[in-house]
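These notes concern the structure reproduced below.
Chain IDs A, B, C and D follow the sequence of writing; residue 1 opens each chain.
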């Protein structure tokens, strides 16, 4: 069986190789290592399939003293998403950074930082230690900012600095929470903390601080201010990575903190608090869905539109906290509750997956358009459908998935969330989901409408786009659709631990 | 009032002060300083927690955590300051640069923003 | 013993006052000076709380390096504070220049938020028990098996080696990020802002051997007493920065490959350990072979010291030099165009 | 011995205080510098002497004296550098 640590080791090794090598070898090495990481992630699948979860103690020191690595079905899913998007974005980047000399210089910095970021992301999915999570948050945060500012335009630098300050603030709030938690409980391991969690002012405040920090990093509604400028001003492959993967890492940690570390405070372990905090998060999520989508509709720059769409789509992820917060209040029989709890989990995980693929496809397609036309202004995109059919098709496919129309992965995600909302008797979330879908349709059709408008002057020359770039964008969009067609298989891939019990809270530790 | 409570109170006040500075101060350098003050508060909390152990020596785990935190803080601060310098340089050159230098960048960002 | 609480209260008051003043003071130069004294007061607090490791690091980093970085940036961002002759208002560097200055409402809301936060934090801290062990018992129990005698070093380089490895990654990333925004690939041939001064170079020539000695001493000390890779690395970084300031050649004159290898040495040494222990059939990932622990820790620490020193020195040199020649050329160009 | 050390410490502290008062009260930079370096070097010397008196071994005493010498060298050079940069600034303003 493959060792879990490989998924962190290999990207780091690749980063070092890319840092030391020069010239054309950098991109080649990067792609080679990307493929190797994908292989290792796939290789981990059978172990998770049979055992449910795997735990490794690093350095041979058992949990309270040392740091453990912990992988379960949920983590595997995120690992796989990162690997798939990572490989395709890597192939795209090879074309993107070969454009000209200026991009070559960018590419030389892109590969080492991106591979370090990848290692950090994979580390987050294996993480089982609150302080280790802090260091990993910093690894991902600094590398994400480093990638954002690669293009060195004033806009990207200002956005990157704002991102850096927000990320530093968020991780410091998280660190304060870790300090309080350690002062109250005297240990740092997720599972051990979750087992003896008690309600006290200190643990409650720690919970609040950690969740707050992670919310800022995941850009939930009032804290989303840093996301649109950063994601829209970065180079195209970087935007794809940031929107599809980086925000998901802090969401993953939020799930872990919420369901594994603080089950006693979030109403997961029997005792239901008077006002479930999950309701609050769900409310913000719902607002984010509506507001982010509304803002997206109003944009006239393609990349900014897609970035606001990320704000909206991230909102869906937070509905799970609200959906599951009433599970014990309403659930009389375990069988009935289990049914829609599993649905909520499946919907959320599926949404992470479909949004990751679709958003990466959109940003890569936008990058192709920007390369061809020299701008990402929607007004300049007239009649692009006739002149760049493949890119238009990619935009349409990814858009269909975002909207949640039937043959796509996004449909499965939203359908599951919808059913969970109705089955748990919280119909108001269903309204939010449907409204969000309509707004999404509005901005997707806005993009497509521009591409079909006939243009007065056909003379504007299009710069040629390397086929590697077009095809990877298309591949991502198609993957999104295919995983929708074959929804049963993908759902079957979902972790076994999704039977309504708090994730990985039981077992695993020695 | 034990030493631990005294210092952890101070830590929390420092952190709150830093957050206030971060929100209300507009100058970027001061924001960076405010972040460092929050970090100082977080570190002080951890170190005073370690000091609670009235045995032979303080708890080394928070000490190690703070050392790691200091490295992270200086890294992020250095990066932020370098970014501020670069932004200042490009804003200072703005009137000249917008016409010529930024054209190759249009693939990433269009200047005809909203 | 009765003096201790008075000292505590004085120190805490000083910390809070200094941070209040540095956030509120309108003069940025004074704020930067206050920031350095904030770092010094913090290291006093670390000494008081029996954390000499942190005190060493804080005095070098919080007060020393951060202060130098702040001053250098201040000089570039606000070259002549408050006294511009040609009518151009000194441009204060703001996040969002389009936004208006914060109004009274902004301050009131911020105050309410922060007061709430402070209340929450203070209540939380008040509920904490006075005495608790944390992981101190476990650490001292396994100290004998860790290969070193100083508990903090044991935690950093054995029990929680993974964190330390990632931390070196963070350091490397910060430098990569800075290099990504520059037009150059490394600090090679960055010239000092001012021509070297004979007295300074005399002083640095005399001090450098002592500082190198201190580096090695701190490194060796980490095995059984406060000290270790990070503190030693910071002293090494300070030496390299001083050498650069005195025009005596330091990271800026290192051959590119040597520089690159010393950057990644610490991170890759731990990577190699992780690789070997993951590949070996009966080894535990990131675990030292029992009998080799001490030697391997010392080796890892020495390599990490070099990396930390070179990375921090490169970072500081790049920030201190501003944009180097590129800046000079750009400024001249701008001036010329403005003149026309 | 103990009383001697306390006296030396107090004397050192007095010089530090005087130096700080000078830094705060003197009108221009050169005289501030003057107050700071002279008084503080002397103050540090006295405190070092107190430490030497109370030190347990010769090695410790030598180390402490070495610290003083290094501090002396550093502060003299820095004082010189500061003075020089002030001089340069003055010249620039005169032009």
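Going forward, a residue touches a chain if its C-beta (ideal position, glycine included) is under 8 Å from a C-beta of that chain, and two chains touch if they have at least 3 such contacts.
Please read these numbers as outputs of a predicted model, since none were measured by experiment.
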Q: Just list the two chains that share the greatest number of C-beta contact pairs.
A: B-C
(Q) Quick check on this structure: which chain has its C-alpha centroid closest to the centroid of all protein C-alpha atoms? (A) B
Q: Determine the centre-to-centre distance between chain C and chain D, using the mean Cα coordinates as centres, and give it in whole Å.
A: 27
Q: Let me have the rounded angstrom distance from the C-alpha centre of chain A over to the C-alpha centre of chain B, please.
A: 25
Q) What whole-Å value do you get for the distance between chain B and chain D if each is reduced to the mean of its CA atoms? A) 33
Q: Can you tell me which residues of chain C touch two or more of the remaining chains?
A: 95, 121, 124-126, 128, 132-135, 139, 160, 163, 167, 170, 173-174, 177, 181
Q: For chain B, jot down the residues that touch at least 2 other chains.
A: 8, 15, 19, 28, 31-32, 45, 49, 52, 61-62, 68, 72, 75-76, 79, 83-84, 86-87, 91
Q. Think of each chain as a node with edges to the chains it touches; is that a line, ring, star, complete or other?
A. other
Q) Who touches whom among the chains? A) A-B, A-C, B-C, C-D
Q) Within the complex, which stretch of chain D touches chain C? A) 70, 73-74, 77, 80-81, 84
Q: Would you tell me which residues of chain C are touching chain A in their complex?
A: 95-96, 120-121, 123-128, 132-135, 138-139, 142, 158-163, 166-167, 169-170, 172-174, 176-177, 179-181, 185, 260-261, 264, 267-268, 271, 274-275, 278, 284-288
Q | Residue numbers on chain C that touch chain B, as the complex places them | A | 4-5, 8-9, 12, 15-16, 19-20, 22-23, 28, 31-32, 35, 38, 42, 45-46, 49-51, 53-54, 57-58, 61-62, 65-66, 69-70, 72-74, 76-77, 91-95, 101-102, 106-107, 110-111, 113-115, 117-118, 121-122, 124-126, 128-136, 139-140, 151-152, 154-156, 160, 163-164, 167, 170-171, 173-174, 177-178, 181-182, 230, 308, 312, 315-316, 318-319, 322-323, 327, 330-331, 333-334, 337
Q | Residue ranges of chain A touching chain B (in the complex, touch as defined) | A | 99-100, 102, 131, 135, 138, 142, 145-146, 149, 151-158, 160-161, 164-165, 168-169, 172, 175-176, 178-180, 182-183, 188, 232-236, 299-301, 303-304, 367, 370-371, 374-377
Q: In the complex, go through chain B and note every residue touching chain A.
A: 8, 15, 19, 22, 28, 31-32, 35, 38-39, 41-42, 45-46, 49, 52, 61-62, 65, 68-69, 72, 75-76, 79-80, 83-84, 86-87, 90-91, 94, 102, 104-110, 112-114
